Amino acid sequence: MRIGFVGLGAMGRGLAGRLAGAGHTVRAWSRSARSRDLIPEGVVVVPKPLDLADSEVLISMLAHDGAVRAVFLAEGLLAALAPGTIHINMATVSVDLARDLAKLHEARGAAYVASPVLGRPDAAAEGRLHLLVAGPAAAITRLEELWAVLGQRVWRFGERPESANAVKIATNLTLACAIEAMGEAAGLAGAYGVEAGPYLDMLTQTLFSSPAFKLYGALIAEDRFEPPGFRLALGLKDVNLALEAGAEAAMPLPFGAVLRDRFLDCVAHGEEGRDWCALVMAGRRQAGRA
Amino acid sequence: MRIGFVGLGAMGRGLAGRLAGAGHTVRAWSRSARSRDLIPEGVVVVPKPLDLADSEVLISMLAHDGAVRAVFLAEGLLAALAPGTIHINMATVSVDLARDLAKLHEARGAAYVASPVLGRPDAAAEGRLHLLVAGPAAAITRLEELWAVLGQRVWRFGERPESANAVKIATNLTLACAIEAMGEAAGLAGAYGVEAGPYLDMLTQTLFSSPAFKLYGALIAEDRFEPPGFRLALGLKDVNLALEAGAEAAMPLPFGAVLRDRFLDCVAHGEEGRDWCALVMAGRRQAGRA
Amino acid sequence: MRIGFVGLGAMGRGLAGRLAGAGHTVRAWSRSARSRDLIPEGVVVVPKPLDLADSEVLISMLAHDGAVRAVFLAEGLLAALAPGTIHINMATVSVDLARDLAKLHEARGAAYVASPVLGRPDAAAEGRLHLLVAGPAAAITRLEELWAVLGQRVWRFGERPESANAVKIATNLTLACAIEAMGEAAGLAGAYGVEAGPYLDMLTQTLFSSPAFKLYGALIAEDRFEPPGFRLALGLKDVNLALEAGAEAAMPLPFGAVLRDRFLDCVAHGEEGRDWCALVMAGRRQAGRA
Amino acid sequence: MRIGFVGLGAMGRGLAGRLAGAGHTVRAWSRSARSRDLIPEGVVVVPKPLDLADSEVLISMLAHDGAVRAVFLAEGLLAALAPGTIHINMATVSVDLARDLAKLHEARGAAYVASPVLGRPDAAAEGRLHLLVAGPAAAITRLEELWAVLGQRVWRFGERPESANAVKIATNLTLACAIEAMGEAAGLAGAYGVEAGPYLDMLTQTLFSSPAFKLYGALIAEDRFEPPGFRLALGLKDVNLALEAGAEAAMPLPFGAVLRDRFLDCVAHGEEGRDWCALVMAGRRQAGRA
């Protein structure tokens, strides 16, 4: 297939490289000059987004709503798409943006498919991502061969693209909850003489023996917040996406509200560039144990 | 060994039965007449707690602090113990009580070992419990053969019994956090067209594929809150234990505080007898989606 | 003075009328056709915002950030102002908008003064508003004769317009806190046999004998939430302004976070059009006492 | 009247002195030897609580539930009261204790009247307290001449003594809410260039011009947390009383929950002996502005 790829960050590079490796024609554009040195083999870089307008499938993996709006709306990529194009947006964006884009693509005769992912750059490069997919069924079905390259499993959540974004946002909220929960639990054990390491070892080998708890549990136990696997500032962005999606649906999210304050506390203490597991530092400070 | 067993509830019966089955002499006492009909094979019931005072090892599995204080302090079992006796308290009790009992046993020349457990009655009966153990090292080591009967693995948390209780309390807090987190996440997905079942399926087969998330995720997805696996009223008790332990250590636990209000909301709506996963109903009510 | 007035809602009408009554030349524009029937005596209505570009002093009292941006930026009123014009923005807008507008006015050679107010439409019409004023000192001083017409007292908060907006937003946050605090306190008294009326009477005649507590206390005691004095939906808007201003300054506001969830609960239950004192209904529902 | 007075702390001394000054026979007992040097004129100190058993009216003003239980239950004063005695408990105690004592007095043929107060020691000494009174109507009515000496106004809350305690506890909760609300509001204003002094001046001269806001506003504006007017540790005790009373009634109190964490944060930072307005320090620390 003739694929256009927008966004060559750590995630995008892995995915674009896999697509090229699988024999697809992949042209890509990236806003960041820096990352142009890191072009995956077989991927051709184009000078501007509009050069990708004639792709059969357009895949975007941009950092936030603003970047998506800039490329697709302000710079006009959406308005230049040929009818019949399928756009797969793999980024974690707001439900609002997903809804707007779905309508605008439909008006243009193009299909908008949301496919945010679970997994980090290494998983992206190795085809181990979980793909959370929602959008027009016909388009999703037509892309079967791509999904197999992009990740290990497709989880379908219906025809409304924003559903997949809500799923992704809710899942990141759950991850942040796991961090805070481990922080409070390990703090409590610590107050009674049990160190975080042995406590979280037990926790993540018994009732909570899942990838998320194991990964974050180890980071928390070892105070290993640098280099960041996922920056705390991005975690705050995602919790805000959750709170906004909740607000639009008139749904209080009290854990979300606590998390937002925890993130702000960390930002106030200069930790926005650390791994988001540094969230537990807010609790330690509050208890005078930082 | 000559074992005395106090408390023949669902957990206690399974454990006492295993000990008798392993060839130990097990005499038991239970406050509840009702459960006397359910005596495990090989276990001899005695008429009053004091009849167990001459045990080599005394194991108790009572419902709450009050029951422990009643039997060991008010009814005088502790004061009647022979020096050298080892008392293993397997219940989820407060750190305060653990500390008090440790001192009183020591004064008496007896050893107090805390060993709260992870697992439900079926796991108790089948030797699959995880044992969270803290207390005098010599006593714990001497009991090696018993631990192998009581559970699948011993997790040791030092010499202060209350450490094991803090670990247990912190872990139950984490479980309650998991329920609330899934409630908020599934609620958010639900507001954007994704039902709890498919959402929680995905969640608990990917990042959160642990026993706790799988078990509770299924209950939440199916609104299966009766019969209760663990009563909501007991969950409230345990969150209060966490908050009290935190308060004593001057440690704010904001997720714990949110959970307490959630539990009270459920009690106000008559749900104290349902499974504690019914906690998610509080969120649904708040969002007008109950 | 030759005054242009933008926004003839209930507040704006009172203020524009007072200015005309004091002998100033007042031309006004309002987006809402409906309110054109309610033009205060002596005020001349102009057909479009740009007709006010040649005013010496431009006063705006619009409903929210969006309306201000529409009139001053999108419709170009700001770009058409003569150098030397003073713009007094009396609305409750975000600190972000205030900062943006201050810069844009300065670039244009105009002065931007923020003057949000304390008081309701009757106070506006009778000159009893408190004016929270910040902006260029020279401009504020030059307007002395206007301030005396617009309100009973000027409270000055320095030269940065957004300071006055922060003060207004913080004060509305305090008002919402007062409502929730009375709701919790009256709820607690109520659970032990004391009705809200006698309880709040005592409270607001002793330690809390202030205008805000007296006014809201009476509404809460009598469940008098309609017609709204201040719509709950506007209260949510203002709490969001506080949370956003806090977030920008990396400042957690835990009472603010609780209030946001309370407001969302009320919106979920169809109460956005009631007086914001209906916030207490959320607490009553949670306690099963609605 | 022949009055027995239990508890000669700062509040009790003022009250006992007023009663003696009004011509009543006042005998008093105090647990603290230290305060025996500070006996008000006309008050006779007795060596032990039981010496007061034959009083017509027994007034107690003790520090907390534990002290009341010690004197009236453990030391047997209640059991020694003559039938017909009226006991006025003026302390801030739990609703639970009030209910227990009401029953025990009734069984004894004595009357139990709760009369917690609003006001500090100077108000007690000058007869300016507000008296929050509940209990048997006949007893309250019979004491009319005493009430006029004890305070400036009686607020009656029915026949169940615990109602008055709930009112007092709810009011202290409201006071703590006021402190936190001012802390958040002043913090927000401060983040945008407005100092706490001018901000709180404005606030407490306009919408919040009540005694509580004025007093606490001044302490917060000036960081005047020592010497304490009311110790932070006592504030925590009272918020816990509110949370417990709420829990018993299955009533979530989310502001109360936030406050508890704030108090614990302050205790963790060694501030339990400062004025409870030091609560605002927790917010400043969270925002990195302490």
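The first chain written gets the first letter, and so on, giving A, B, C and D; residue counts start at 1 in each chain.
Criterion: a residue touches a chain if its C-beta (ideal position, glycine included) is under 8 Å from a C-beta of that chain, and two chains touch if they have at least 3 such contacts.
Predicted model only: the values in this text are computed from it and were never measured.
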Relative to chain C, chain with the most remote C-alpha centre: B
Whole-Å separation of chain centres (CA-atom averages), chain A against chain D: 53
Chain C and chain D: spacing of chain centres that average the CA atoms, whole Å: 38
Averaged-CA centre spacing for the pair chain C and chain A, given as whole angstrom: 38
In chain B, residues with contacts to at least two other chains: 246, 250-254, 258, 261-262, 264-265, 268, 286-289
Overall pattern in which the protein chains touch one another (line/ring/star/complete/other): complete
Residues of chain D that touch chain A when the two form their complex: 261, 264-265, 268-270, 282, 285-289
Chain C residues touching chain D - in the complex, by the definition given at the top: 95, 118, 130, 132, 155, 157-158, 160, 162-163, 165-167, 169-171, 173-175, 177-178, 180-182, 184-189, 191-194, 198-199, 202-203, 206-213, 242, 245-246, 249-256, 258, 261-262, 283, 286-289
Contacting residues of chain B [partner chain D, same complex]: 246-247, 250-254, 257-258, 260-262, 264-265, 267-268
